[in-house]
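By written order: A, B and C. Residues from 1 in each chain.
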Amino acid sequence: MHARATILPLSLDRVTYARGGETLIDGISVTIGSSSRTVVLGPNGAGKSLLLRLCHGLVAPTDGAVRWAGADAFGRRDTAGRQAMVFQRPVLLRRSALANITYALALQGRLERGERDARAREALASVGLAHVAERPARVLSGGEQQRLAIARAAALEPDVLFLDEPTASLDPGASRAIEDAIRAIDAAGTKIIMTTHDLGQARRLAEEVLFLCRGRLMEHTPAGEFFEHPRTPQAAAFLRGDLVA
Amino acid sequence: MTMRLFETTRRAVIAAAVGAAIWGFAAPAGAQTAERPFITVASTTSTEQSGLFKHLLPQFTGKTGIEVRVVAVGTGQALKIGERGDADLVFVHARSAEEDFVAKGFGVGRSDVMYNDFVLVGPKSDPAGVKGSRDAVKALQAIARKKAPFVSRGDDSGTHQAELDLWQRAALHPKADGNWYRETGSGMGPALNTAAAMDAYILADRGTWLSFKNRGDLTLLVEGDDRLFNQYGIILVNPARHAHVKEKEARTFINWVISPEGQAAIAAYRIEGEQLFFPNARRKGA
Amino acid sequence: MQGLDEALAAAWRLIVTGDTALVEIVALSLKVSLTAVFCAAVVGLPLGAVLALVRFPGRGPVIVVIDALMGLPPVVAGLFVYLLLSRAGPLGPYGLLFTPTAMVIAQTLLVIPIIAALTRQVVTDLWAEYCEQLTSLGAGRLRAVPTLLWDARSSLVTAILAGLGRAMAEVGAILVVGGNIDGVTRTMTTAIALETSKGDLPLALGLGIVLLVIVLAINAAAHMLGATARRAAG
């Protein structure tokens, strides 16, 4: 599955984002390949969510560049169409769960009208929501809404899926369902890049870690190494649960 | 289940909107392509509001099949509507303005139709003591001396023009003489409503006065002066200026109104036994 | 107040006798105002949404003008349409003056600013919520217009009802362009104005009560539909 053509790897070249005289992301250069689940960690205010938005193209860097290796092969528009993002608070349209997914598929424009319904039902089934397909998305529970948001993103079969604190406001049971869904999407060949403030979740899901502190990239290491032998004092303090400024 | 309810609701809303739209669009179009021919008459509030047209027009339409659509406004505005070609004929009461209208080529062939008269109306208490007088000019002078409240139409209507003419004969300029003289800038009915509320004197046409319901404390004080004479005329809008004017139908109407039959119909219109309009066409024909 | 008793009695008589003239007047009022609101919604909803989403030179002034036009005196709109449709005006040859169509045009002009301005506000707020998600899904601002209009539907019903309220209530515009012709362009409001000027205040107020009841019924129906849809759609 990992063999299919992809827009990855993603390279950030001295990416900087400043607003109101404050540098929120400070000269980050990194290359993220397609092979492993990447988790962005760091204390509150480190710039994790902003980094994801910069990578996804929702926010343009004030300096530096975000490059997709496959951009030339697919064209700029299609590069955007081969990514998806799940937000901390799911934004669902005021229509049925199923229609939320077929809407996204229609925008992506890769499937014919007749094929979208089947794909959407498949995606719903994969997160255990087949039984609520016709129900209005806005009346689902918090956990169901986030699973629907993930199903919507997964249905697009993106090369890369960004998830920004996907379980931040969910109870443990709902969080586990989300983590299962993330693993399944990874197994199906989609690159996962996510943020979380839950260290347990990071240990369960991360294969490599980007550790941010005050807008700077402090570490980019395999997960095992990061959790066992953090290289920077900031990361060590963060893992100990100390307050890191 | 909820979804089905939602879908049903949604469809109902859409269906209602589309239905309303079709109904709405179809109706105005239908009104335009009326089965029977019609003419548009720009006339005055006094003729409309006195109920004369309601009495007269069904007889004409029944006989000829021509529908008459009346736009009732002040004489000044009625003539303006005719001038712009937005009516087929005008039926108003302001002799000199009508003659001017014809002289400028906006209309052709003015005919006298009927007359009624103006009456001076005021509060029962009659502070200026004009009740029973047959001299309208002296009555106005008495009102001005007492500075008793007086309501003027102030809207360039036929009645307003007649009132201004009387003030001129009285050699008075009430507008410059303090706030007892009020210009309302409104039609006969609204001006009467104002006068009733203020216990003011007012010059009104007899037809509107007789059919007016909200009289309050107002009563008729002065009538019968020759200078209160109110002549109505009818004029065809000049077809040479406005090619769309329905000349044939409009002439049919004018000829009927000044025919013995039309004149008799006018004479027959009464409110509480009182005749409102007195036919006096000289039967020239349009 | 003896006037109010008479008015209520007049209204009651009008309703129970099902006076045919009244039915015609009510039907015409509804036809004209509903058609005008429909046309105004077709123009005003997308216009408001585009103003909320799309940046273009002159956008600021356009918004200010539309907001200001919400307060346009109906009689001014009426005069404008009168001069447009008059035989001596640019659209004179169509002979639309003093027809229900003219009244629809005038009321459409009156209602567009209300629907557009309220829609702009509603869509601006919704876009703040949806912006990142829709951009992520690949919807440009123009493509977002229909999506946001549909998702804001329950709020937009209120905007449309506000427009309908303006249309049903106004008399200045339709009096000028319709001419208040008996049986052709006489509506509830022009009939009320006429009865007032005839001094028949109870009948005028009675008609007013009938108008109020109709407007109330329309609003109640719309709100019930809206509440059902909201409950279903979450």
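The criterion applied here is as follows: a residue touches a chain if its C-beta (ideal position, glycine included) is under 8 Å from a C-beta of that chain, and two chains touch if they have at least 3 such contacts.
Keep in mind that what you see is a predicted model, and the values were worked out from it rather than measured.
The largest tally of C-beta contacts between two chains is found for B-C. Comparing the CA-atom centres of all chains against that of chain A, the greatest distance is found for B.
The central chain here, found by comparing per-chain C-alpha centres with the mean of all protein C-alpha atoms, is C. Between chain A and chain C, the centres computed from C-alpha atoms are 47 Å apart. If you average the CA atoms of chain B and of chain C, the two centres end up 30 Å from each other. Taking each chain's centre as the average of its CA atoms, chain A and chain B sit 76 Å apart. Residue positions of chain A touching 2 or more other chains, listed in rising order: 136, 139.
Counting partner chains per residue, chain C has residues 232-233 touching two or more of them. Contact with two or more other chains is made by residues 2-3, 6 of chain B. Partner chain A is touched in their complex by these residues of chain C: 129-130, 132-133, 135-139, 143, 147, 150-151, 153, 232-234.
Considering their complex, residues 53, 56, 58, 80-81, 83-85, 87, 91, 93-95, 103-104, 107-108, 136-140 of chain A touch chain C. Taken in their complex, chain B has these residues touching chain C: 2-3, 5-6, 9-10, 12-13, 17, 20-21, 23-25, 27-29, 31-32, 40, 45, 49, 53-54, 69-73, 84-86, 186-190, 192-193, 196, 211-215, 242, 244. Across the interface of their complex, chain B is touched by residues 28, 31-32, 34-35, 38, 86-89, 92-93, 95-101, 103-104, 179-182, 184, 194, 196-201, 225, 228-229, 231-233 of chain C.
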